[in-house]
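Two complexes come next, and they have one chain in common, chain A, joined by chain B in the first and chain C in the second.
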Partner chain A sequence: MAGLKMVRTDSVAASAGADLRAENITHMFDTDDGALLALKDVSFTVEAGTFVGLVGPSGCGKSSLLLMMAGLLLPTDGRIAVRGETVSGPLPEDIGVVFQESSLLPWKTARENVEFPLYLRGVDRQVREKAALKMLDLVGLGEFTERRPHELSGGMKQRVAIARGFCQDPEILLMDEPFAALDEQTRMTLGDELLHIWDQNKKTVVFVTHSLTEAVFLCDKVLVMSARPGQILKEIDITLPRPRTYEMMATETFGQLRAEIWELIRETQAK
Partner chain B sequence: MSHGLASRAGRISAQIGIVVAIFLFWEVAVQTGMANARVLPPPSLVLPRAVAMLGDPVVLYNLWITSAQVLLAFVLVAPIGIAIGLLLGESDYFGRAFKPFFFFLASVPKSVFLPVFILAFGIGFTQKVAFGMFQAIFVLVISAIAAAESVSSDFLKTARAYGASRRQLYLDIYLPAMLPVIVEGLRLGMIFNITGVLFAEMYVSRAGLGHLVSTWGMSFQMVNLFAGILLAAALSIAVNEALRWYENKVGAWRG
Partner chain C sequence: MSMRTAGGNDDRSGWILLLKNPLVLRLACLGMILAFWEIAPRMGWVSPVMLAPLSATVISGVTDFGVFARNLGVTFGSLALALLIALGGGGAVGLLLGSVRPLRTTLLPIMSSIYAVPLVVVYPVFTAWAGIGVESKVLFGGLYGFFPMLLATAAGVRTVDGGYMVAARSMGATRFQMIRHIMLPAALPSIMSGVRIGSAMTAIGVVVAEMMAATAGIGFLITQNRTMFNTAEVYFGVFLVVVLAGTIDWAVSVIERRAGSSYPRKVRTL
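Our next item is the complex of A and B:
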């Protein structure tokens, strides 16, 4: 195990990403039936350059947490901090977000969608075009840059959304169930490609997912959340070495980690 | 691609064929006495008359009056209708309070209000413009509500996460997302607008295409009447197709 740890430490040391912390986050929603406690005293640390998963039963508040990290939702209590500084609104230069494919702007081409974050920041046309084409090439869409979303398949659209998240070269990448709308084969392929891209630039990644296999396969650490009100039940270190390969899915470690997460979620759901 | 072109060419020639067939049937029906030529003049008389009318200063003057009323009503009502619709579509409070009124009123036949417009505005230019606006405003408001509600919260969430300013949200998200639905509403509003202006002219007026058509009908000038009807139809179709072309252009992404 000492060997495995060394590999991981090395990759972290080579990273450029920023760290992200959630500190004592409590959140209430106003509903017609009164206030609803959605998150209760949630704290965790995402170290710079690591790939962290967030899993939990439906409605546990993991998407709300991600919105908070993106600066789109302010917690009722507690704070999100990037490099120690409180997040009080979107930080587009530091934080990229990958939503589901339905977040692509349908009137823009693949290239224009990928450029969009740079366009909003007023980056020069040629510079952003070059950056977008490079990212689209990297996700295998070099020949489809001028297609609009309705002319692309679900997997291709999600590749565009990923390229858009990486295009502005943020320190932190937040991914909100990016593969949820895809079939299993496409989602496995994309997960693999995502790791490949991530290996090259080692962003800090927070990845919200429903898929436990995906969480174990992709992440360095998985945060397991309880049913509402959402709390962190456990932080599970994924001790598999990198680069990850499909063969690892058949290993005992992989199965044990996946079973451990499932056990936690099953218990919290039963309550 | 060649297959698509061939089928497109085939479709268009079939459509032209149908139009030609209708006119031919009309002509034959009159010539054989199946239809009474005094009530239904043949197209061989009506079509040349319609073309001749385009060189007739009296007809052109009246056509100009009608077009001016239609255009002025449209220019005035479009921003008002769209603004009301966007306000109702975007604001929870105003939406809940006032949307039902528009949906109820939209189903009321606007023509029964014409006498009220005559009492309020007289029988001249102003009354025609006001009535055209009144006819058009409901469909404009309802389309603009639909447009505002069609902007996906996913688009807004994404743009905000990437740091879009308020101005960028309006110009780069709301506007392109809503434009096709708005233009569709403008097109439908224009149809109602033209209907309203012509109807008001035919009811009581001193000028306009509706005035001419109504006069020709009452004085049994059937060739003029049908030529006038053709002109009114051509005018409406031209306006409608121009707006539809634009609608398809800005909405190509809807797939």
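Our next item is the complex of A and C:
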């Protein structure tokens, strides 16, 4: 397994991602005030190699859903399936996660952090080092490979986290508001860069965000969720062509799509 | 008098500058203490039974060099074994108690209570079990340092950021990799403070055990000479205990520096 994977990390852009399905996910959290229904009968399909957004009001269960897709949280009912097979635990070769708080290890350098998933898998030092440096170069941090996280800016840290996600080289990359802590200019730039990297390393991506502009700009499809208990209100196809450009943001289509999503969220929040 | 006022201005500021140098100041203080040590008993300011002059202390150390060296060796040997119990055992148990929730909630409070007990009171029990040879002081010293090491390690491991653990799990870390690459490095600052306190406590435990009941070692030598009113020998023994403590302190600093070299300062001082 590791051997096969090693070859692939070496030659970027070989995989095209796997498909992922959520089937009738219902989830209850045990809290001090009794059971809390977080998700109710959520079903959707993410086609292999597509970029799918997940938006919805705060607390509607996006992060919980993401943890389930990563095999880090088991749903009370229903199942997550990758290539038709039920996910019952972490599958690092299939599914990677980029968290909001970049969760970089403070005692490791940027390069060591990016290498870490390959190290855990037992990949040779030279191979993983090369893969990590390549990724760091791709996110524009070629000069900062030996810096520790506390020596990097917020935007740089998220770049490292993204590089780590791609270096792990899963079929599916789950991102939970990876740019939430950044200012608007930085997040626009990083979004653009993310598309660029994704273009060279095609994967299935599920991207949670609060920014509707970001969702429309990045995604092929946006899943809009209701307020708690989270349900899928609508799947919106983003019909804009690729590659995406900043000019598209000024188009009528962009505005309409963004407005449609906002309308749905506004309604569900009002209830 | 007149000379000083005439040409002494430069001289004096030179002196003041010299005294402002912390190293010079420290050496000056030390010199004064040593001088007092020598002069006070000789002038009869304190009874020679209470304080032997510095020269007599040094002479006793030189003449009985063999005896002191042998006993210092015994103490160092016992200390090494006791440290193994304290740091190794305390660290391992701390890791276990800190990371396994049911153990933590049941056993950890008990451990902190035991830590509060002055363990000296149970030393007679130790000698009853293990005799007054090396075993009992190794056990006693080890036990003395065991609890602070355990508690510091457990506290460090317990407060590891859950986010790191979740991320590592998603990247496929095994349980062992999780301990080795997340828990230990994250808990390192706390573990190192455990090492510092734990080894100091262990040294105290070993020397105290030797003083209470033993057949060899620096502590034993101090007690024996005290009962015979060999004040100079007592002071030389005390001097060797200071050397012992200094050695430990230095060793811990070396470990700290090496272990912490890959650690950002921000996190280390957390």
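To be clear about the criterion, the second predicted complex is superposed on the first by the 254 of 271 C-alpha atoms of A that agree within 3 Å, B and C clash if a C-alpha of one lies under 4 Å from a C-alpha of the other, contacts with A are read in each partner's own complex, and residues count from 1 in each chain.
What we mean here is this: a contact is a pair of C-beta atoms (placed from the backbone, for glycine too) under 8 Å apart; a residue touches a chain by one contact, two chains touch by 3 or more.
Being a predicted model, the structure only gives us computed values, none of them experimental.
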Next on the checklist: For A:E235 in the superposed arrangement: first (chain B), second (chain C), both or neither?
Outcome noted: neither
Checklist outcome for this item: chain A residues where the chain B and chain C footprints coincide 70-72, 90, 92-93, 95, 97, 99, 103, 105-108, 116-117, 120-121, 148-151, 168
Item to check | Touching residues on chain A, where the partner in the complex is chain B | outcome: 67, 70-72, 90-93, 95, 97, 99-100, 102-103, 105-108, 116-117, 119-121, 148-151, 168
Next on the checklist: For a test of understanding, state which residues of chain C touch chain A in their complex under the given definition.
Outcome noted: 163-164, 166-174, 177, 181-182, 185-186, 188, 262-264, 266-267
Checklist outcome for this item: Given the complex, residues on chain A that touch chain C span 70-72, 90, 92-93, 95-97, 99, 101, 103, 105-108, 116-117, 120-121, 148-151, 168
Checklist entry - Which bits of chain B are touching chain A when the two form their complex? => result 152, 154-155, 157-165, 168, 172-173, 176-177, 252-255
